[in-house]
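The following blocks contain the structures, represented as structure tokens.
In the two complexes below, chain A is the common chain; its partner is chain B in one and chain C in the other.
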Partner chain A sequence: MSDKNLKRVAYYPGCALEGTGHAYDRSTRALGKKLGLELVDVKDWNCCGAMEVKNIDPKIQTYLSSRVMSIASEDMGFDTVMAPCNGCYHNLKKAEYDLENDPENVAVTERLSKKAGHDAYKPGSIETIHALDWIKRSIGEDGIKERVKNSLKGIKVANYYGCMYTRPRHIFPEKDQGPGSESTLKPHFMDDLLQAAGAEIVDYPLKTACCGGAHTLSDSDTSTKLVTNLLEAADECGADVIATECPTCHSGLEMHQIRAETRFGKKTNSKIVYFTQLLGLALGLSARKVGIHENVSDSLKYFKEKGVA
Partner chain B sequence: MPIHEQNLIRPENIITNDELEIDGIDVSGHWSTFIESRVVTDYNEDIEDEIAALPGGANIHRCWQCGSCTNSCTVNEINPDFNPRFWIYLVRMGMEQELLRDKDIIWQCVSCNKCTYVCPRDVQPEGVMKALSHWLELKGHTPKSPSMHFDEEFSEQIFATGKIEESRIIRGFFRRTGQPLMQDWLLELVKRLIRHLPLKLLFTMGLANFVRPRTRNWSKAGAAIEEYVLERDLFKRKALGLGPESDDQGAAK
Partner chain C sequence: MTPFETILNGIESASAHENAVIGAIAMLGWGERILENWNGARGEKPTKSKREGFRLLALHRQGAKGDPSFNACRETCRELVYHHNLILDEPTHVASLERLRMAKMVAKHLCLFVQGKIEEDRLGDFCCSSRPVRTHTRKEDR
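Then we have the complex of A and B:
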């Protein structure tokens, strides 16, 4: 696993990273460049299907994700595709699992691929990894330590992983495989990397709790309640920053932090920042390069005080 | 009451009479609270098969009622009436009327997959929740939920162009659900967002409103998906014993 060459991988940004998650895209690319890791965009990619298409019909979601993997493997010849968005990452993994295990899903994907005029994806041709795997496996904690310019010393971080990165377990066969692998119950890759960059990691019990992202708009009060819980817990743990690794969680936390304030008078203090932005700052990239100004919660002053921006 | 339990005695069946005499004996007051007896005659033996025919519902028959799903459930934590284990029980027993009492909250599942993670029987309760809300709407028991409106808006954009564009989704969703776009908190969000943004990025974001992002060479894939969706819609309606025409009875109610 770790011996694979991740210096050059296919990059699947997904729809959110072209919109509200732009800062994540920007900081991911900047980080890759800084670390000498090449990202090649998947050609003519489409949406992975997200949760919404899965709700309408899971087999269409399988097809949509399989098309992306088919292009990256068949047409572009990659054996690894990196997706920074938890939703995209989850869906590609899920499609891989469904196509390995469910003949009905295979039949639908083959039929749709044929009509769409491209080869159906052959399960097992490509490995989908998350941005966390990408950095952890290619650079690792030691590599980060060697390269740190501005240590994140004194920056208190709660790492928030959300739902889609670890659940359900069966679509992530490489997780929970003992030392070195990611844990689905208590994920730690983000903790490991940010700690290596000098950050002070607080023990955050809600790292895999749900932000209600599925109903951000359709059931906003539920989402606001769930997010408020996450934010208040982070305050309680003494964190100044919540590090995120998913555009939906990130913007959900931003939106409902404001909604909790304007609608329910609940003010919380955490700054919500992508882990790629934090790593970028530690490696000496400017705040602008990693898109700190694109975040809703204002963290620039804080990072300046801490001497990393 | 432990959260994985839910009995079939509803508050309105518990009766206390301030003044009541039965066979010459005074049974007034709190000490002789009655549970009104009832006979269930309305078993609908088809529900389980109908749920199983809808996407996500296929494994419902595997449930052995351990309650782990409800114990782990995100929504149950904020609303104790949200009880996946109990609903699965009702469906498998065919107790349609009991199920319908909770019809307005079932769609609120946030798909966190905690239930699917812990379920020892691979029921995939998250999928069952989706199948249940779908069933309620197809049968006309509930209008389309806000979540379904959102899913439809989202999916239609993907089928048409291969991609989504978020501001278009937001506008489409508020239009479908008849809500004003200018929500106080959204305005506050935009205000804080644009505080630091350079003009160039704002311009690009504004531009996305006019130039829809789309996947190149998408039309054939889009057409294939649309065809498949229509086919599945027919299949679902047939499995639920409904007529072929999709007359949106749910939305009309």
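Then we have the complex of A and C:
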């Protein structure tokens, strides 16, 4: 794990954080400010290629993601770009891997970059990190403990990482490197940080299981069934809150929690909250500052009862 | 192919077993049925071999060959094995039945995921891509 200075990093929010995941963007920025970490938005950023472009032509996705890294490194001079969305994070890491290992991807990216009028991204110029890496590496558990104003004590949290944070393993060479590094089988960075903020972490067996996010619109019932199982498992574990770190997973859990009740009569109780919102509350930020009111899942009353909002 | 409804009912029954060890062994068996369905849908004979001591993991490896997107359920399979091992290693543990309930949620998720991947053949890519299965099915249809 690199020990470089992460106090000032390029920030790539991605499309979701401007829409359904706005509360994640809001809470990430507020948390960074509170922790004295500076986020500098990548100029004129574009879509990472997410699932839609990747399913049609993966090389175009590689180019799209490489353009973001090229701007952040070549034009803005950063050596680190932070992407809080799992889809963006995954795609930037994948593009890095593709450009290091596949000459065809390099050729397509060089051709498209030339056509678009910018320098092609040079692999190795920038490191892509997730919001979890950012907080874990720059502040760490001890730093969080020192800054806690409203302990999350008594709040039982199931941490849900989703499928793209650790998969496929080969695009995350820094993971599974022993103590201190993230695990692809049982990720724990979110557990570590929220535990440091006082939360009681439950042993959640579906941390990296699929939420059916890609089929939310085309086959909602399949997504609802997958999400219902995730929510029921959290209830079974005794969790009050499911902490998320992906806007697609988060909105899927929120929407299908309601749909499961209205369509299938299955009521579940967990509140769905971004980990950045939980950390922000613990550090004394107001519920409004971290965008609790923007969540579909209504958790304000719960947090007030717990004395953190 | 074992109907998914049968598998889901089997998972429920296994989780309700008063002997957690018997339930855990049955649960792992239902996990294998799920992956047999996936490999069968790809036109392959489900492997009888084991990986790291478990057929479930060998079946998963077989199912992910040529289709890396199937690794989306790799951790789910390993979690099922983990819960199976927890129960068998400490059969009299006070949390055995709770562990069996957790194994149920994991097995159920595996079932829903694979069922979704197989059934979404005309709706577009499920998650990362179920294209190889659809291609095979279409050839069969012809």
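Odds and ends about this structure:
One rule holds for everything that comes next: the second predicted complex is superposed on the first by the 307 of 309 C-alpha atoms of A that agree within 3 Å, B and C clash if a C-alpha of one lies under 4 Å from a C-alpha of the other, contacts with A are read in each partner's own complex, and residues count from 1 in each chain.
Here, a contact is a pair of C-beta atoms (placed from the backbone, for glycine too) under 8 Å apart; a residue touches a chain by one contact, two chains touch by 3 or more.
Worth saying up front: this structure is predicted, and the values here are computed from it rather than measured.
Following the overlay on chain A, a clash is recorded for the pair chain B and chain C. More chain A residues lie in contact with B than with the other chain of the pair chain B and chain C. When the two complexes are overlaid on their common chain A, residue A:A209 makes contact with chain B and with chain C alike. Residue contacts after overlaying the shared chain place A:G19 against chain B, while chain C stays out of touching range.
Looking at the shared chain after the overlay, A:A233 reaches chain C, while chain B stays out of its contact range.
With both structures placed on the common chain, the touch criterion links A:D219 to chain B and to chain C. In the superposition on chain A, A:T262 makes contact with chain B only, while chain C stays out of contact range. By the touch criterion defined above, A:N55 reaches both chain B and chain C. Once chain A of one complex is fitted onto chain A of the other, the partner contacts of A:V296 are limited to chain B, with no touch recorded for chain C. Applying the stated contact rule after C-alpha superposition, one finds that A:P168 touches each of chain B and chain C.
Overlap of the chain B and chain C interfaces on chain A comprises residues 51, 55, 163, 167-168, 184, 209-210, 212-215, 218-219, 222, 225-226. Interface residues of chain C, counted against chain A in their complex, comprise 68, 71-76, 78-79, 83, 101-103, 105-106, 108-109, 112-113, 115-116, 119-120, 123-129.
Interface of chain A with chain B (complex): residues 15-16, 18-20, 22, 44-47, 49-53, 55-60, 63-64, 67, 108, 111-112, 115-117, 163-164, 167-169, 184, 209-210, 212-215, 217-219, 222-223, 225-226, 254-255, 258-259, 261-263, 293-294, 296-298, 300. For chain A in complex with chain C, the residues that touch the partner chain are 51, 55, 163, 166-168, 184-186, 205-210, 212-215, 218-219, 222, 225-226, 229-230, 232-233, 236-237. Listed in rising order, the residues of chain B touching chain A in the complex are 55-56, 74-75, 78, 108-114, 116-117, 124, 127, 130, 145-152, 154-155, 158, 162-167, 170, 173-174, 177, 184-185, 188-189, 192-193, 195-198, 201, 205, 208, 213, 215-218, 220-221, 223-225, 227-229, 232.
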